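As written, the chain order gives the labels A, B and C, with residue 1 at the start of each chain.
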Amino acid sequence: MIRRGRRKLLLPQHSVLKFIKFLALLIITVPTSQSILIAAEIHEPMRPYWSFEGPLGKFERASLQRGYQVYTEVCSGCHSMDLLSYRNLIQPGGPEFSEKQAKAMAAMFEVETGPDQDGEMFMRSAILSDKFVSPWENEQQARAANGGAYPPDLSVIVKARPNGADYIYSLLLGYKDAPEGTELDDGVYYNEYAKGMRIAMPQVLYEDGVEYTDSTAASEEQMAHDVTTFLTWSAEPKLEERKRMGFKVIIYLLILAFLFYFTNKSIWRDTH
Amino acid sequence: MSDSKPVTRRNFLYISTAAFSAAGAAAIGIPLVSQMNPDASVKALASTEVDVSTIVPGQSITVLWRGKPVFIRRRTEVEIAEAKEVKIEDLPDPEIDDNRVKNPEWLVMVGICTHLGCIPLGNKGDYNGWFCPCHGSHYDTSGRIRKGPAPTNLEIPDYVFLDDNTIKIG
Amino acid sequence: MSTDYKPQSAVAKWIDKRLPLITLFNGHLMQYPTPKNLNYWWTFGGILTFCLVTQIITGLVLAMHYIADADLAFSSVEHIMRDVNYGWFLRYIHANGASMFFIAVYIHMARSLFYGSYKEPRELIWIIGVFIFLLMIATAFMGYVLPWGQMSFWGATVITNLFSAIPVFGESITNWLWGGYSVGSPLLTRFFTLHYLLPFLIFGLVILHVWALHVPGNNNPEGIDVVQGSQDTVPFHPHYVVKDVFALLVFMIIFAGFVFFTPNLLGHTDNYIQANPLQTPEHIVPEWYFLPFYAILRAIPDKLGGVIMMVSAIAILAFLPWLDTSKVRSAKYRPLFRQFYWIFLANFLLLGYLGAQPAEGIYVIISRIATIYYFVHFIIILPVLGFVEKTKPLPKSISEPVLNDKERAAKAATAPA
């Protein structure tokens, strides 16, 4: 009885293997066909070289400093960076401006403070401990000034978008003339890298739109690269510290694992 | 086990493994302890700039610095004279007035009683200076302890005159 | 446990006479007789203990800086990342630690399924384990809500809305959960409170789990009982302490790889956008470790039905010791079960994949098939296998199959004499 039962169940074993193969095929093919679908909708972002990538990547100081200049002169008209303070500009691992430079940069902005003895709020120039001054009083004001679209805060934008820095860089350079037959609403622009190729932000980077203080030639690519580097730092200000520490921790763990491997071997040597 | 050599080698292995583990365990303590230290946003507020242009002699203001009250008093000629006249032997915590001020007209000190941390009241007490209501410590016009349980004079913070009208504390 | 242990120093004796803590620890962490043939799949118990303790410690520290308020939560997390000393380090450990915890627990459960560790006399260990798993799910879910990003908010909205599937009382229950008419500050604050509490309940259950384990002792790859007082066991310390630490270190290297080099890989980019009650993200995807159960939820075209099936998918695990009718524990000696085991695992991974896909077209159909198979495995395959499967002969003792060919030859030579 048992033997017969077993033989019967042996047969499906081949179909069992087939089923596993089917599942494996399914898992492999479905995502690829899906990414083809997506590719028709959105362009894969460009992949420029970033100095901060890789296990020991670091930010390029000069690029961060130029990026801050692009942000203040171009982006900050519409986009806030609420999570940053002027003091961040001098901290290690960032643009590392001198304290004097950062104080002067902060002093270009005014913040409301108070109340004074008479209970009145008043304006004073910003100091290092102040947050980056926002271009808007509130979201409603920002929307009203931008045809209903809200320019997102840029503090962590690189971490808040798939493909992070590559996407931001591509988006800034992705403005093209809309192909024939594309209908665009008022206040909507054609951009190859935007979702649905439409975006409410106009092109902002034009050659020599910024006059770099370090006299680097301000090509569109250069500005996009610099400001994206700056935004990557603002999203992950401890990136350099993190990678440096990670390197040490992994080396330590490898050595300790090595020691434990041999200790373990030695302890089990007499057990059979 | 008859051969003593592998045993020593084993011991060496065990000891280095244990020592290396202990070092790592100790290192873990650094971030866990350090996270409670003042963070970057708190440290950024570690110094305060105060405009003192509106203070007239005999008037004092209290400003908040690092979460603590700081007394800034523009002393009168009488108060300065009183502070300088005191005999150093009469003081529980001997200190001459000149060492407690950068400009005799301005007295800047942390307004926390050195006894148990209450805030003394101004223009009070037996010495025309400050008086702590909690346990009855009397301070003079230089903020020095004269009578009562407080062990030391009121603390002088680090400060500089950025110009005639601005004091930077911390 | 062995009771022949006597503390040596005067202080130890004094304490031990009044509260036998030292004897207890000695019995359970030092001398505890452990089968000598445990493989590396058995090291995940220790790894899980490490995960729990790491999450509790880093969580405790993060709670010192976090603010559970809808307006402040997002920026307080960023404050931890930017300003708090080593804050980024602690938060990335905690966030990735949740994923590592689930990797470890899934391996731990898969090991138990393969070697039949849930069978008599270890049913209760398994059932306590299922409850730990449930609490882990609840804790992880509530923890993911705390940063108050878009995925936090909409994840919380979707999952709490599951309760609205309950007939008649649904709406009152959701309003009660929310402390309002939608997800907001009251929910965030209570989730924070519970997220803080549950790990300690898990810790308590872990003690029961280990206690229940130490009564019959460990199962082992052969799935047979150890012969008492034989060469089958070794003391827990140093043999398994050192082996577990070695495995833990390898695990920690992978963990550190995530924390230091790709800390946001397992998270979702939308969670770096502050919660916005007026805008739903395009795809709501739970954390990867919930995906198989999320796929089951979506496979059912009925709201209440989906919730019931998802809950059943976990609840059915508690009945596993009785659903599996085979007396043989280890899959090593169950050739048919072994194949179905791998299919089950592949099916579970497939469900996980489907959970991340949009709920449309072919995905829905495959999800339904995979969901049905998930339950068929427990309700039909396992009970039937126990009756029809011809198992391989079991070794007499753990020491027997461990003998190498030479020793076996020597034994065979002496046997006739």
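Miscellaneous remarks
We adopt the following convention: a contact is a pair of C-beta atoms (placed from the backbone, for glycine too) under 8 Å apart; a residue touches a chain by one contact, two chains touch by 3 or more.
These numbers were taken from a predicted model, which means no experiment stands behind them.
The leading chain pair by number of C-beta pairs in contact is A-C.
Put simply, the chain farthest from subunit C by mean CA position is B.
The distance from the centre of subunit B to the centre of subunit C, with each centre set as the mean of the Cα atoms, comes to 51 Å.
Distance between chain centres (mean CA atoms), subunit A to subunit C: 32 Å.
With each centre defined as the average position of its C-alpha atoms, the distance from subunit A to subunit B rounds to 43 Å. For subunit A, residues that reach two or more other chains under the stated contact definition are 256, 260, 263. The multi-chain contact residues of subunit C, meaning those touching 2 or more other chains, are 82, 89, 245.
Residue positions of subunit B touching 2 or more other chains, listed in rising order: 21, 40-41.
Across the interface of their complex, subunit A is touched by residues 10, 13-14, 16-17, 20-21, 24, 40-41, 44-45 of subunit B.
Listed in rising order, the residues of subunit C touching subunit A in the complex are 36, 75, 78, 81-82, 88-89, 92, 234, 238-239, 242-243, 245-246, 249-250, 252-253, 256-257, 259-261, 263-264, 269-270, 272-273, 336, 339-340, 342-343, 346-347, 349-350, 353, 357, 362, 366, 388-390, 402. Remark: subunit B residues 21, 30-32, 34-37, 39-42 touch subunit C in the complex. Put simply, subunit C touches subunit B in their complex at residues 57, 61, 64-65, 79, 82-87, 89-90, 245. Every residue of subunit A that touches subunit C in the complex is listed here, in rising order: 2-3, 5-6, 9, 13, 16, 19-20, 23-24, 26-27, 30, 34, 55, 82-83, 88, 152, 155-156, 159-162, 164, 235, 237-238, 241-243, 245-247, 249-250, 253-254, 256-257, 260-261, 263-264, 267-268, 271-272.
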